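Both of the next two complexes hold subunit A, though its partner changes from subunit B to subunit C.
Coming up: the complex of A and B.
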C-alpha cells in the first residue's frame, strides 16, 4: 500500500516537469508578449527592450525556465506582469482559490441533490414518460451552452415579469430579483451564488442523473434483488436498502474525481457573474499574457487532479482488495 | 463472491459512502464557513485599512446582494469602478483606469485643472531658464504626506530616481521622464544617478532637460512624475501600494480586489480647492451599472450604446441627468502605406471619399461620438474646424481610383480589426460594404485579439496588416502628442509607415518654436498635409456620456487624468 502511494507520488514531479515545460514554452513562444500588452499602444522600442532585459525575457529559453523552476521551488511563483502589476502570484491565487472552491462545492452539492434523486426516479420508472422527461431535461440542461444561459438567466432575474392567466383570472408579477444579479460577489451565503452555482451544476446534474439511472437499472436486474423480492421484502426496502445503496457506489468515484476540479474555476461563469475566483483570474492572465499567473494556475490544477486521482484509487483499493494487491 | 461476503462487503461499502456524503456536507458547511471567513476583508491579504473599515457585520446570514451600503446623510459618492486598476503605484500607471485612482491619492509638481491647463500643484511657481532647458521649481512649504511627514525637494528627487531605477520596471519612464538629462542613462545602468535633477534646498528643485520642449511641463502632470514617500515604498516592498502614503486630496481607505475601492477625504490637503466629499466608493464589477444607478445605488454612471436612445428621449426623466463631455481622442482607419494598393496615395484618397462617415456614426454608433474629419480632436489646442464637415463624395472617389496605378486591378484587401466571435464589429462591416458599393473593392475582415493586434502594429516596418482600425487618446494636451507621435517617419506609433520629409521638417520646427500661436499654426499645416496624403482616415472623436444624480454638484468628466473628486460635493 505504502509502496503504491509512493510510486504514484513519484510520478508527480515528472508530470509537473512536463506540464510546466509545455506551459512555459507556450508562454514564451506563443503569440503576444506581456511587455507589449502592458505598454499597449504607447510602446516604444526603448522601453520594450529595457523591460524585456530587466525581466530576463531576452535570455535563452532554458535559462528562463530554470530560473522559474528555481524560484518556484522556493515558493516564489513570480509577480503579476500586467493585470495586477507587482502583486505576488501566490497572493492572487490565495485570494481567488477559496472563492472558486466555495462556488464549486455549492455546485457539486446542487448537482448531487438534484441529480441523484432524478437518476433514481428515472431508473425506477425506466422507459416511462417520467424517465423520458428526466432524460430530456438533463440533455437539454447540459446542451445549453453557458454562453447562452448567462445572459438569458440574468435577463430573466433582472426584470419584472407580469403574468396574466385570463382563464384562472389570475394576475401577478414576479421579480425583479435583483439581489441575485446585482452587486459584487459576497460569498456563498448571499443570493449572488444562486445563478453561477446553478449553471455550474448543470453538468454535474447530468452526470449524476445518468450514472444513477444506469446504476439503478443494472442493480435492479441483479440476482440478489430478485432474491430479495422473492423473500417477500417490501419494495421500498428492496429499493432503498439493496438497490440504491449499491447504485451509489460509482457516484462516490465520480465525486472523488470532481474534487480535483474544485480548484478550477469556470471562465465564462466567473467572468459573467463577477465571481473573483480562479476562472476569472485565469481569464485575465491569459488575455493579458500575464504568464506567471497562468503557470501557477496550471500547476495548481495539475497537482489537484493528480492528488484526487490518487485518492480515488486509494478508495478503490479499500473497496476492492483485488486492486490493492496489484 | 459468496453471499455472506457480499453482505458484509456491502455494509462496509455503505458505510464508506455514507461517510463520504457526510464528509461532503461537512466540507460544504464547515469548509465553506471557514473559507468564507478567510475571504472576509479583515482576514484577506488585499484588504486595506484598519479593522473599523472591514465588512458590514452580520451579512453572512442575510440573503441579500452586496449592495453598496446606503449613504444616509453622509457626503458619500458612489461611482462605478469597472475592472480592478492594474496598479496604484504612480511609477507603474500607464492607463486611465489606474490613473483615475492614483491622481486622487498622489500628486506632483504640476497638475491639470478643469480646463486641462497646466497649473501649479506642489510647486507653487517655477522659472524657466533662457535656453528653456532648465526648470526651477519652488515647492509649497505646507505640503504633507497623508501620515503627516512634510514633502521636500528630496522626496521629488527620490521619486524621479526611483522611476529611473531599472529595478522599478516602470513602463512609462522613457515616455514621461525621458526628456530629463540622465534618466535614460540610469535606466540603461550607465549612470547611478539622474544628473538632471538637483536639490537646491529643501523647497527648491532644479530639473534640466535635453532640449527645449514646450510640452515638458504637460508631461509632468502624468502620474510618473508624482511624489512618493521613500519610507512607504521601502518598507512596503513590492506591494507597498496596499497602504499608499500619498499627498493627494484623498486617501485610500479600503481596497478589496474585485469588489470595491474606497477613498476618504484627506483633511490636511494643501490645495486651494479642499475636498468636500467624506468618502468616494468605487464599485468594481458587480452587474449592470445602469440598473444600480436607476435603483439609487450609484450617484453617477456612464451610458452605453444600448441605453442611449431611451435616455436621449426628452420625455425620459433621466434625460435631465445626462452630461456629454469630450474625450481627447480620435479613432482612425489606417492604411499600411508599404503594402499595395495603399502605396498609392490616390487609392487612399479614394477610400477616404468613399466612406460616408456621418452615416456610419448616425447608424452604427447612434450618434454617440462626433464624426472626425481632422486628426486633432476638438478641445486640443491647435484644433481647426474642418472646412468641409463630411467630405463624402463617391463620384470623386471613383475618379481618384481610376487615376491610380491600381485602376481596374485593385487587389483583394484584408481589414484587420480587434474582436472575436461570429460577426465583426458592425462599423467595420458597414464601411466595407460602402467601399464595395462605391469602389468595387473586395475587402475581407480578419479579427484578432488585442494582445496580438498591438504586438503586430507595434513595429511599423514589419507590420503585415494592409488596413486596420485603431484609436489614440491624448497623453498630454499638446498637438505634438498626435501629429508628431503618429506621423513622424521614425516614430513607433507611425502605424501607416507614413514618410513625408516635409512633414518631418515642419514637425522639427514646431517642436522648438517658442511662440504657441506660431507653433499651432505649423501643426495645422502638418495636419493638412497628412490629411491630403491620407495615410489614415479619421473616423470618430469619442464623447463621454454620463448620468449624474441632481444632488451631486460640481461633477466633472475630464478628458484626461486629473484630480477631480475634490471639486464634487453632495447637496441634498
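Coming up: the complex of A and C.
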C-alpha cells in the first residue's frame, strides 16, 4: 500500500515539470502582453521596454523558466503583474482558495444530497411518471446554461426579497439570499451561499442522478438481488443493504474525481455573484495576461487532480472488497 | 407421507413489447414431504418460471400470474399478503440458483449473507447466527470454516460458492428446497460433489426437493418422481424408474434418444429432436409438440391433450401414447 502511494506520488514532479513548461511557454509566447495591458495601448515604447527589463521579460525563455522554477521551489510563485499589482501570487491564491473550496463543497453536498435520492427514486420507479419527471428535470438542469440561469434565478429570488436595483452601476442591494455583485462574501455558513452553490450543483445533480438511476436499474436485475428476495428479506432491506451499496460504488468514483475540481472555481458563477474565489481570480488573470497567477492556478489544479485520483483509488477498496485485496 | 406442496393450474405470463409470452400454461404438480421431484425440460420450457412463481419471485411487471393455486401448509401462497410470503421464503421454502458466480452479493461477507436469514426467521442474535453460519459451512464441507466466514464471495471458487448457497438455503431447515439447475454452471467433478452433498443433507435433514435440470443423467440418480415439461406444460409425470423404462410421450422419448449411452452400439448415432419448440407468444391451438411429433394425428392439431392419460400412476399428455408405446416396443 505504502509502496503504491509512493510510486504514484513520484509521478507528481514529472507531471508538474511538463505542465509548468507548457503553461509557461504559452504565457511567454502566447498572444497578449501583461505590460501592454498594464500600461494601456498608448504607452510610451521606452516605458514598456524599461518595465520588460525590470520584470526580466527580455531574458531568453530558458532563463525566465529556470528562474521561475527556482523561485517556485522556494515557495515564491511570482507577483501579480496587472490587477493586483505586485501582490505575491501565493497570497492571492491563499485568499481565493478557501472561498472556492467552501462554495464547491456546498455544491457537491447539494449535488449528492439531491442527485442520489432522485436517482434512487427514478431507478426504483423505472418507466413510471416519477421516473419520466426526474429524467426531464435532469435534462433541463444539465441543458440550461449557467449564463442563462445566473440572471434568471437572481431575478426570481430577488423579487421575493424586494430587490432594489440601481441601473447605473448594476449593484444589487437585495434580500439576504444573494451576495452583492462585486466582492461581498460571508463565507460558507451564510444564506448567500445557497444560490451560487445551487447553480454550481446543477451539473453535479444531473451526473449523480443519472449514475444512481442507471446503477440501481443494473443492480436490481442482478442474480444476488433475487437471492436476497428468496431469503424473505423485506424490500427495504433488499434495496438498502443489497442493492444500494453496489450502486454507490461508481458514485464514489465520480465524487472522488470531483474532489480535484474543488480547487477550480467557476468563472461565471463566481463573477456573477461576486464570490472572491479562484474562478474570479483566474478570470482576472487570463484577461489581463497576468500569467504568473495563471501558472500557479494550473499547477494547483494539476496537483489537486493527481491527489484526488489517488484518493479515489485508495477509498475504492473500502466499498468494493474485490479491489481491496487485489 | 402427506402432500407438502400442491400446485394447481398455474399460469405465468410476461407482458413484453412483442406480445404476451405464455411461459407457464396451467401446470399442476405436487411434492410429497421428504421426496425429490425432478423437473426436466429444455431451456425456456417454463421449469424455472414455475418454481419462481411458487415463491412469487417473478418480477411484476412484466410478469403476471393470472391463474393458479399454490397450496403450502394449508394456505394459497399466491393469495397471502407480502408479509406472509416473506415468512415462507428462505424459511419454509428455500432456493439454490443456477449461477453461483453471480448469485452472491459481491460486497457482503459470507457471514452477513448467511446470518441475515437466521436473524430474520429464527430471531437469532448476531453471535448466535455467526456460530450457526460456521456450523452450516462445515456441514456443506467448506474447510476451515471459521477462517472463511468473514471472506467475500470473490475469494471462493465456483463450487465453493455453490456450497455457500446451499448452506444459506438450508440455514433455516426448510421443508422444501428448490434447486434451480444448481450444477449447470459447474464442471463435472464439482457437479458430482454438489449432488453428493445435497443427497447427504437430504438424508440428514429430511426435506423435500424440487430439482430442476435439463440433464436427464443427473436426475436419474436423484429424483423419486420426474415431471417432464415442454412449452409451459407438464407433458409427462411418473416415477423415476417409469420415465426411463417406459416413456410414453414422444418428447420424453426424444429426450432419451438424444443422450449418449455407454451400452449403445459403437457406431450408433444420437437422434436429435427435429424442429423447435413453439413460439410462446402465439401458442398453437392443439398439442404444443405437434410440429415436431412423429406420431401426430389430426386430433393433435386441434385439441391439446390433458395430463390425465396414460397408465397406472403414469400420466402423459398425448392422445396417441399407446401408439408411441407400441412403436417403441417394436424397436
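Please note the rule applied: the second predicted complex is superposed on the first by the 289 of 326 C-alpha atoms of A that agree within 3 Å, B and C clash if a C-alpha of one lies under 4 Å from a C-alpha of the other, contacts with A are read in each partner's own complex, and residues count from 1 in each chain.
Convention: a residue touches a chain if its C-beta (ideal position, glycine included) is under 8 Å from a C-beta of that chain, and two chains touch if they have at least 3 such contacts.
Quantities reported herein were computed from a predicted structural model and do not represent experimental measurements.
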Message: According to the stated criteria, A:23 is in contact with first (subunit B), second (subunit C), both, or neither; which is it?
response: neither
Message: I'd like to know which partner A:39 touches here: subunit B for first, subunit C for second, both or neither.
response: first
- request: Determine, under the contact definition given at the top, whether A:223 touches first (subunit B), second (subunit C), both, or neither.
  value: second
- prompt: Of the partners subunit B and subunit C, which touch A:201 in the superposed model: first, second, both, neither?
  reply: neither
Message: Looking at A:245, would you say it contacts subunit B, subunit C, both, or neither? Reply first, second, both or neither.
response: both
Message: Just to be sure I read the superposition right, which of the two partners does A:150 touch: subunit B = first, subunit C = second, or both, or neither?
response: neither
- request: For A:233, decide between first (touching subunit B), second (touching subunit C), both and neither.
  value: second
Field: Winner by number of subunit A residues touched, once subunit B and subunit C are compared
entry: B
- prompt: Once the shared chain is lined up, is A:105 touching subunit B (first), subunit C (second), both, or neither of them?
  reply: first
Query: Which positions of subunit A sit in both the subunit B and the subunit C interface?
result: 224, 245-246, 249, 319
- prompt: Where on subunit C is subunit A touching in the complex?
  reply: 55, 57, 85-91, 94-95, 97, 99, 102-109, 116-117, 120-121, 152, 154-155, 165, 168
Query: Which of the residues in subunit A come into contact with subunit C in the complex?
result: 222-224, 226-234, 237, 241-242, 245-246, 249, 319-322, 325
Query: Okay, in this complex, where on subunit B does subunit A touch?
result: 6, 10, 13-14, 16-17, 20-21, 24-25, 27-28, 31-32, 35-36, 38-39, 44-46, 59-68, 84, 86-87, 89, 92, 94-95, 166-167, 169, 171-175, 178, 184, 187-188, 238-239, 241, 257-260, 283-288, 291-292, 295, 297, 449-452, 454-455, 458-459, 470, 472, 475, 492-493
Field: Of all residues in subunit A, those that touch subunit B in their complex
entry: 31-33, 36-48, 50-51, 54-55, 79, 82-88, 91, 94-95, 98-99, 101-102, 105-106, 108-109, 112, 158, 178-192, 224, 245-246, 248-249, 251-252, 255, 274, 276, 280, 287-289, 315, 318-319
